[in-house]
Amino acid sequence: MGGYSYDELGAIFAMQGFAGISLFSVLLLMALGLAIIFGQMGVINMAHGEFMAAGAYTTYLISSLTETYIPGFMPYYFVFSIVAAFLVAGVLGYLAEFILIRHLYKRPLDTLLATWGLSLIMQQSFRSIFGAREVSPTLPDWLMGSVQPTDMIDIPINGMFVLGLTVFTTLAVFYLMFKSSWGLRVRATTQNRVMSGAVGINTKKIDRYTFALGCGIAGMAGAAFTTIASTGPTTGTLYIVDTFMVVVFGGAASLFGTIASAFSIAQAQSILEFFISGSMAKVFTLLTLVIILMFKPEGLFASKVRR
Amino acid sequence: MSDKSDSRRLWGRRKVVRAISALPLGIILASQLSLAAPATTTGQAVTDDTVTVGILHSLTGTMAISETGAQEAEKLAIKQINEMGGILGRQIKVIQEDGASDWPTFAEKSRKLLVNDKVAAVFGCWTSASRKAALPVFEKENGLLYYPTFYEGLEQSKNVIYTGQEATQQILDGLNWVAKEKGAKTFYLIGSDYIWPRTSMKIARKHIENVLGGKVVGEEYKPLGDTQFGSVINKIRLKKPDVIYAAVVGGSNVAWFKQLKAAGITSKKQTLLTISVTEDEVLGIGGENLEGFYSIMKYFQSQDNPNNVAFVKAFKEMWGDDSVIGDVTQAAYLGPWLWKAAVEKAGTFDVDAVVAASEEGDIELTTAPEGYVKLHPNHHLWSKARVGMWKKDGQAEVVYTSELIEPDPFPEGYQ
Amino acid sequence: MSFVYEKLFGDKKGMIGFCLLAILILVVFPLMLDSFRLNLVGKYLTYAFAAVSLVLLWGYGGTLSLGQGIFFGIGGYAMAMFLKLEASSPENTAIQSTPGIPDFMDWNQITELPFFWMPFHSFTFTLIAILVVPTFFAYIIGAAMFKRRVGGVYFAIITQVISVILTVLIVGQQGLTGGINGITDLRTLNGWDITSDSAKNLFYFINCFLLLAVIIASRFVLTSKFGRLLLAMRDKEDRVRFSGYDVANFKIFVFCFAALISAVGGAMFTLQVGFMSPSFVGIVPSIEMVIFAAVGGRMSLIGAVYGTLLINFGKTAFSESFPELWLFLMGGLFIAVVMFFPNGLAGLWEDYGHHITKHFRFLNRFYDKLVPASSKEVNASNSVDSAELEGSKS
Amino acid sequence: MNMSTNTDFTLAIEDLTVSFDGFKAVDSLNFYLDRNELHVVIGPNGAGKTTVLDLICGKTKSTSGSIKFLNKELTNLSEHEIVRAGVGRKFQTPSIYENLSVMENLEVSYPRGRGVFGSLLFKHDAEVHSKIIEVAQQIMLESFLDTEAGLLSHGQKQWLEIGMLLIQDPQLLMLDEPVAGMSVKEREQTAELLNKISKGRSVLVIEHDMEFVARIAHKVTVLHQGKILAAGEMEEVQKDPKVIEVYLGH
């Protein structure tokens, strides 16, 4: 690295570190919803990306409406749109569970096919409603641009926003799953459906709300991603493989594993990308994951259980 | 193993295979073969008062986003031609097919249009991959394709008229401009990872190094659809190029510009020249994220010549007030007009005659929205390169217009 | 004679189903369809190879691969590499800076044929490669995963990721692979024009015969003890293991066999369509192949062929007239098949097929003549179709 | 016990320990089984009974210790190798192939054509057929050969699984709760069956039903918290105050 001053290298190092953390927060936010749905419920939701897109479109819709009717509200609408995205995707998830998923709990591979069908239907709905073109909500100015702690370091605000949202969501999920009585019932249902039913837990209700929660978080992730990426009818398909990799690599049943896995994948990817081209970085990262999974199929942090 | 011995053995084997399959199926095969009379387009779908053409774009799938404008423009041109009395006294009828963003489907539908519908010409394809897939069909069935997209060049088929720019037409003048206007010496090249960006970057690099005497300080390709540009942006910061030269496409494009802006790399600090942003893309990216950056195209919707004003008005009348018109849309609009000119010159719809008329190099359109264009014997268009600076409202201000540039799909010294 | 016969066709219903399929694709289609449509059907039937392979792997083996596109792609690419080299003779490519190499290599400043392309000058090598490379690749993946007892959902996701890796690699290494455009402009096979109608017709029939042969071979596998073990493993893997079987080996074998079948389909695809591109390797085609099998009936080899044909006909017909509705219909079909017809078309055939088969008396007579009454009883329980029925009840 | 006689035992377990995340499910266990012996292991829930069977048949890997079967170390063999060495195991809940007929269940278990290619070329010949008939008679299912196994009664399913082991002619037969869910008559028949099949091989049974244990057992071992609490004849064991405390103390 001849020709660069220490200051410059230090600044790049710091920003590169943030790039990794930013990618980590993106991956984690995508994966949290799936970690609940796949990890806790064992449902392979191939439409996860489409629930994210649903959240993104909600944001777009609210943005357009705000711009048209209450332009003065523009700087603040984004916060509300995240809540709305959560609710919209959550309600869609609730309906999907009610109509589709609940009939398939015993057939995990079949949920894969059914949710793939669901994803096609959702994609075409987006296309019919919002058009084939990519859309972009008008983002409030405070979300764009960067902060400069020193002259040479630029930290993107949207990246920090996503990071903040991720931290908040993760903590909320942890609280909900491990500290609340509801979480206890969810975990009990996951581990032994029949028994939970017998001790008076309404397992059907638990299933439905858990699935809705996972989808809602996906919707939130989608809303947050409008700050960094695009929204189109097929946007969801871009995310699905990465999301599954994060959850599987972390050890499906472990939320902590999901965090660790998102972190290691993000760091590996962003460091590799700095030195080799994007395509090859992706190939190397995925290949490494596959090889590690072949040796440790239960993922990074699977709890040891007697089977 | 030499080719010869190999092929001889295969000949033997193939005969055996043939003989075996012919035994039970002789009758069927024979009937098939007798049906398959050599397809010539003299049997075109031309009646005394109509002529049928095909439009072949993706209406579904990932490419539907991009191809919508092109097929709208083609329909507009055909409608206008019909209102003027058609071609050789015949009204144009359109058969539209969906390529469904699936390359074999393009080949399949091309074949359907040419063999079953016997269309006189096809306006269609968008990606290089779809054109490459359909090309052998057009060559075999002797059809005629008007292809609208700016592309990497390196191709010249008898059966295709390229109404978009090939790579050198788009790239070289823009680079000259930026070197001259902005005094740019160092360039960072970034594109999506597929053939068009790679070929374009290859040409750009040769031009920068050999002609402009500048330096390429980085060259980067991201997988299609990738949305994470953090590391790349850091690399760019480290290299501090005078110009970022970009050819990122699709969903990645949106992410790329949003993240650039968020990283504080705006037009105030950084010159950025892209060859992959038209008015269509701006819709998704958002004008505020592009403000002050430059695109090189041959056409911008904001061009204020009478041709274009009329064209934009007609387009909005037909397809709605909020439609936008990008470079490819305009190029697609030229297709039917160029075909009309060639057919009228040839006095027939026969493909060979139309191609021969087109190859004489004197078919021109003075009414093109982009200005004046002329068809080169190499099947590409003489056209001008324009540099547009993006404004917040999603339109570009044309800051530079070149002379007419000769198309050169196989550029010497750039391969 | 009758033993062999039973092995290959199963019971009467199985035989009639097989004969009807053969008549349909060998006689009815060629007589009814023009050359263009016939070629289209030929293309669909290449996907049927992959669908049949999934019946073995998923329906019977219980292992869902979301990566059959990998093997379809390897087969197709191997064939395309041979054809491309032939199309890139020094005479044909004289205008290139380096004549004699494929055009896309020339555009990417490659001046020498990469080593792994070299052997594809030989047709014999290519044919062997089409069979061996995907099988070997499947063996590596299968051995790594099944020996460590990775199965079910994990296997599905990992194979999907591998198909993504392969796609990114092909697109990213365009100098070596042709990138996103794929390997295009394939015209001759040892000097013989493969784009002519007669060639396409011949390929169609070769394709049909290969497909029928693959179905027979698959039936052989399924009617053997191996087939029963597959079913047994699907339901009670531990019991099979504790009956002294090395379960992993069986899964590896069926995965390799499925890979081989898919690769043959891929090679036929290249021959009939005239090019190969990464869009047949990735996630979407791989899942579509699963859908073909699911719609046809995941436990029915012949159903898989019908499923493939039905979906693809539907796709073509619908995308011509109602492109907007196509994805809704497709999505709805997935859901309907999973929720209401888990046995797909084959299930409907089982329920209502006898209304139809009774009209085919000549086949019944043919069957009765071939198979003496006594042998039917002994082997009845071995037949694929009874297993199909039983398996579907779980 | 005299170490030098080890070689005579069918099964010799020494110092066997397995721990799951620190919890010792089986703790330094020593256990020996003779030829022709029918040995029953009893103990309260969580005593480690099933884990011992899992360890012997390779389903669970031991943390330390050795398992010798006919002087062959089993701890580093994989499951199918252990089966091929001559160990058969019946699971707690009947583990049979419900979709296959009784005949097919037995045929699949027949110890020939166990390799991939062997199974492809396997032929149901006269030898196989007569063996199947023989076993089916033993397990009292000869009139159900063509019945789909899923349709059998619970007790019949247990017998079928025993039959699937018998057809392999194992030297050591391990049965996890073979009479669970059986009627009184079926229990009697099963006891008879077990007495018959223990001739010429060793049988290790886990059972809760004391009456049934008393009827079949040659020897009884009581397991508690992964350790042996008592061993010997049924009558002695039943009188052992430690055993009484474990069973009745809680």
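As written, the chain order gives the labels A, B, C and D, with residue 1 at the start of each chain.
Everything below uses one rule, namely that a contact is a pair of C-beta atoms (placed from the backbone, for glycine too) under 8 Å apart; a residue touches a chain by one contact, two chains touch by 3 or more.
These figures come from a predicted structure and were not determined experimentally.
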Shortest contact path, subunit B to subunit D, counted in steps: 2
B-C compared against A-C, more contacting pairs: B-C
Most central chain, Cα average position: C
Centre distance in Å when subunit A and subunit C are each reduced to the mean of their C-alpha atoms: 35
Centroid distance [mean C-alpha coordinates] between subunit D and subunit A, Å: 49
Intercentroid distance (Cα basis), subunit D paired with subunit C, Å: 44
Residues of subunit D touching at least two other chains: none
Where subunit A touches two or more other chains, by residue: 127, 277, 279, 282
For subunit C, residues contacting two or more additional chains: 168, 171-172, 324, 326-327
Subunit C - residues contacting subunit A, complex: 58, 64, 144-145, 148-150, 152-154, 156-158, 160-162, 164-165, 168-169, 171-172, 283-284, 287, 290-291, 294, 324, 326-328, 330-335, 337-339, 342
Footprint of subunit B on subunit A - complex, ascending: 4, 8, 12, 15-16, 18-20, 22-23, 26, 127, 132-136, 138-139, 144-146, 148, 154, 156-159, 225, 227-235, 238, 269-271, 273-274, 277-279, 282
Subunit C residues within the subunit D interface of the complex: 220-221, 224-226, 228-229, 231-232, 235-236, 238-247, 249-250, 253, 381-382, 387, 390-391, 393-394
In the complex, subunit A residues that touch subunit C: 42, 44, 100, 103-104, 107-110, 112-114, 116-124, 127-128, 237, 240-241, 244-245, 248, 277, 279-280, 282-283, 286-287, 289-290, 293-295, 297
Interface residues, subunit C side, partner subunit B - complex: 26-27, 30-31, 34-36, 38-40, 43, 95, 97, 103-104, 106-109, 121-125, 168, 171-172, 174, 179-182, 184-187, 189-192, 195, 197-198, 201-202, 205-206, 209, 273-275, 277, 279, 315-316, 319-320, 323-324, 326-327
